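What follows is chain A paired twice: with chain B in the first complex and chain C in the second.
After this line comes the complex of A and B, so read on.
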């Protein structure tokens, strides 16, 4: 029967061309949407790798003040550490967690090159964000005396650069003259929130005389409120005349990052849903019309020994065959994504998206064909043969 | 082979009730070639549909091959149609998107047989009607007479005991009509029981027995 259905559908390919294109296009749109959703869902399930609760980012801008900038920032760091409400303070660049800015750098080890997110942070960073190294340790200020700048990498960077080799004590470099010595390895570090892909990351020691990296992260004690924030801003502003001081709560920044990911996905989802509803209604209409046109064939098949069930299965089977042909055409395109590593997304995401799209298309066509097929099955053979 | 007792068929709508068949009693023996005649609207096709288990009588008993069918469910009726009955229609009812060979194979799709068996039986049936050279053609490429021969091949491919023909020569010229009738006569000689609805007296005279209907009532 399957062969018969394929033959029947194939012989009607010209009649079905538009239907095939419609299902093919729906499959491609679904594949895009499913890839996006699966990519984000998989990322979401990966842990962030740090704790952001009760952490505030204090952005300092020196504006026109160019004298003793590094020393002034260090004074603020020391001052913040004296507050009873503050558990720890760390200093870093503007690419603090959930911020819009980011920095990437190429790093080499033994001829292996990898692009990675780059962070310049001080020795208190791990403590402030509750990061526990998986191997080695977080660097100390004392490590700055060495020939190579101390660095900590994340697990992803370790896999890219070292594979199975132990990275501790190894020297990294870039195309310039900078060299780093790996002292520790941490797990994930997804600073653009949960939906970010876990990418290779490297942290280098921020020297005390650095005048460019002026963001401070403070971890406050539970129950610390806006009054403290006001007091803190007032104190820091008094300490740094002519500077701008801005406080971001990481919990709020995280929500903003989520929105940046979720809103486009949601818009895409709504557009796709409308599209699929339209396709479904179109399919339903076409199938209904088809059945009305093929009443004599239904009557004939019943006369030849087809049961009601066989007629229903035939019409469902035909749409499944049509969907299969359309999706085979679609798969020719979609299979290129994992093969060519498009957008550098894991092949598993695309494969899962293909499976999900295939299942949804089969469900959709079954849903659209179910009622017309049932109607076809209920047509009285004598009536159907007589109507011709 | 076919037995009808006190068969009535009434079509009801909200406004009117039409008596299509009234107290029909019929007994067709195995190997008989029976023709049914009557003016348009007298109930010939309705009677053939009831014999062919395509329609149910409003009253009365239908027996096919010694089996009373009034309590048969859809599946059993379909099985009986597939195994025992072969249909030939005035307008051929061929599926235009299938080749001649595929059209002939249709009844075999509803029984358990392999693709190879189906092909062999369909080829055999087409050879019987003299169309073995047209197997790959599509219905639109055939003349009316050839189409009806395909329909006959389709009716006999499952080797049914009974062939029901509803005005099989109605859409054909007399030469073609005679050719079709001669094929039916040969099938009858081979043992098939045939019931044929016709408007053509000459055709009817060539059958074993004539049944005449008038306003749903058997008059001969």
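After this line comes the complex of A and C, so read on.
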């Protein structure tokens, strides 16, 4: 039966060439769309790893004031802690959660090298963002007395660098003379919002005499409003003459990060769905016409004793064979993505996308062929043969 | 003759409304996507308010400092001093404007918080850019020399801060980060997609917190060079690159030594593409991906259209057989089908035009991009009509060629 169907298709390869190209192209478009959606959906399902609600980021910039910068920043940190509306204050670099800026560094352990998202944050960071270490603890300022700078890594970084080994107390280094001692491990840290891939991250202790990292995160009490924010900006600018002070709410920055991912996906989705509807309509039309042309053939089969079911199956089978041929051609292209590691995406995403596209294409062609095939099956042999 | 063809085409369209719908759907959808895309690109890259001089402007926005080994690279905008020394004094341009990149800040009115972007500019900024002043006037060299704390604000910010769109506000003060500025003028705002001109508040560069005093090469300023004419671009670039090449290297910046100093001086489109993708390799990859997407976008509906047309023309075999039997030459038949197809493509184009207008209006009024001013301009429309034409030929010639090859007997039999 299957061989027969292949033969039928092969005999009319010229007529079917364009149809194959059309299904092939739809498959590729669908594959692209499915990869994009599956990649983002998979990331979305991974938890963020920290709490951002009620947290504000205060960016300080010293401008032309270059005296005692570190001391002045520490003063502000202490001052912010005195407000009744503020639950917790932490100081870090400009790569605060959901910010556009990011920093990455290569880190080595026993010859294993890994690129990490790198954060310089102080001891109150975990408390401000509600991060609970999975193993060990978050570092304290007191840890800075040792030879190695204290550091905390996330689960992903632990897998990359240590595998099964216990990371606590181990020493990390980079190509320069910097060394770090791991004191704790946390879970996820997806600081570019939910759609970000869960990547290795490492946190090192921010020293009090640091004059470059000047972003402060504060966790406010519930119900704190813009009136407090205005007062806060006024107080800080009064304390720091000539400095710039800017306040960001993490909830707003998160929305921005989401839009950066969602808007392109949405546009792509809309365009692709229209393309597919277009293809489906066309396919339906072509199949309808084809069956009208093959009336005599159907009449003959029916007269020779073929059941309605058999005729219907023949037409559905033909389009499935056609779709299979086109998709085999398409798979030749799409398997290159996981094989060549294009775009640094996990192979699982591509495989899942291929499966999804294959299923959707089969559904689509079946849907388009269903009505015409039924029409074909209903043809009365007497009528068809009479016309002939 | 032509009217005859058109009449015929119209009748054919009405004969099978479903197939007509499929064809029109494909054509109008594709053209709509294409036109919205081109008009968005035009919005991003074309010379529009307030950067109407963009086609004769060069942008100096990025400086790259690299060490000999190529391991350390620092890049970013430049300091006010560097641009004053090396760009402002160029002989060939008509005018040079120096302005800061976008800074963000907040203002507070009562319990209301206003997020805002600010920009520090020189006086020439207002001459290079064609801002509409709704009231007041721009600050000039005297204000800058005196270090006046003045500002030009956008109409959006005026409404947010003062709560009224109609009341004049020139002479009133605004408070941002504990500093008071006197409002000198109100301009119609610039969309955020034009990041060299977009801001809610513009300050003279001598205002507090502008950092124009920085002595290094890198900072947070960019320069826009207005040429008298596009043909001067080469001369300006030569003069500028010659000057930069004379800067002695190696030098130190922020404690890091570098040996190679590169500053780009290019048109807006080049600059825009340059920021998306660095390096020639990436550029090729990016362009091929975009090319592939556009190809798919156009190719898929085109194949679909050809497919439907091929199948449908066979349906009309008997009609063709009769015409051929009565002596119509192949050429006449070919023309009939081409015109039929062009006819339907242009109807599709018309629908697409209406759809595009609706979508563009939706984008402009949705507030998705503040001050969005997407338009269907003449170029966009001409491009679409051209594409329309290609479509018609593509889906008309192939089936028509096949058809005209049919023998009369076969055609009549069908």
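Convention: the second predicted complex is superposed on the first by the 387 of 388 C-alpha atoms of A that agree within 3 Å, B and C clash if a C-alpha of one lies under 4 Å from a C-alpha of the other, contacts with A are read in each partner's own complex, and residues count from 1 in each chain.
Simple rule for what comes next: a contact is a pair of C-beta atoms (placed from the backbone, for glycine too) under 8 Å apart; a residue touches a chain by one contact, two chains touch by 3 or more.
Owing to the predicted nature of the structure, the values given are computational and were not obtained by experimental measurement.
Visitor: Looking at the superposed three-chain arrangement on chain A, would you call chain B and chain C a clash or a fit?
Guide: Aligned on chain A, chain C fits beside chain B.
Visitor: Touch check for A:132: first (chain B), second (chain C), both, or neither?
Guide: neither
Visitor: Under the stated touch criterion, which partner chain does A:173 make contact with: chain B (first), chain C (second), both, or neither?
Guide: neither
Visitor: Counting only touches as set out at the top, which of chain B and chain C does A:293 meet: first, second, both, neither?
Guide: Once the two structures are laid over each other on A, A:293 reaches chain C alone.
Visitor: In the superposed arrangement, which partner chain does A:226 touch: chain B (first), chain C (second), both, or neither?
Guide: second
Visitor: I'd like to know which partner A:308 touches here: chain B for first, chain C for second, both or neither.
Guide: Touch status of A:308: first partner only.
Visitor: Using C-alpha centres only, what angle sits at chain A with arms pointing to chain B and chain C? Round to the nearest 10 degrees.
Guide: 90
Visitor: Kindly classify A:64 by the partners it touches after superposition: chain B alone (first), chain C alone (second), both, or neither?
Guide: After superposing on A, A:64 lies in contact with chain C but is clear of chain B.
Visitor: Have a look and say if chain B or chain C is in touch with more residues of chain A.
Guide: C
Visitor: Touching A:4, do we find chain B (first), chain C (second), both, or neither?
Guide: A:4 contacts chain B only, not chain C.
Visitor: Upon superposition of the two complexes, what minimum C-alpha distance (Å) separates chain B from chain C?
Guide: For chain B and chain C in the superposition, the minimum C-alpha gap reads 12 Å.
Visitor: Can you list the residues of chain A that meet both chain B and chain C?
Guide: none
Visitor: What does chain A use to touch chain B in their complex?
Guide: Touch list, chain A to chain B: 1, 3-4, 7-8, 11-12, 296-297, 299-310, 380-382, 385-386, 388.
Visitor: Which of the residues in chain B come into contact with chain A in the complex?
Guide: Going through chain B, the ones touching chain A are 45-46, 49, 52, 54-55, 74-75, 78-79, 81-83, 85, 87, 89, 91, 93, 95, 97-98, 102, 105-107, 109-111, 115, 154, 158.
Visitor: Where on chain A does chain C make contact in their complex?
Guide: Residue list for chain A touching chain C: 18-19, 21-22, 25-26, 28-29, 61, 63-64, 225-227, 229-230, 233-234, 237-238, 242-247, 271, 274-275, 277-279, 281-282, 285-286, 289-290, 292-293.
Visitor: Under the touch definition given earlier, write down the residues of chain C that touch chain A in their complex.
Guide: It is residues 18-19, 21-22, 25-26, 29, 33, 103-106, 108, 110-113, 177-179, 208-209, 211, 213, 296-297, 299-301, 303-308, 310-312, 314-315 of chain C that touch chain A.
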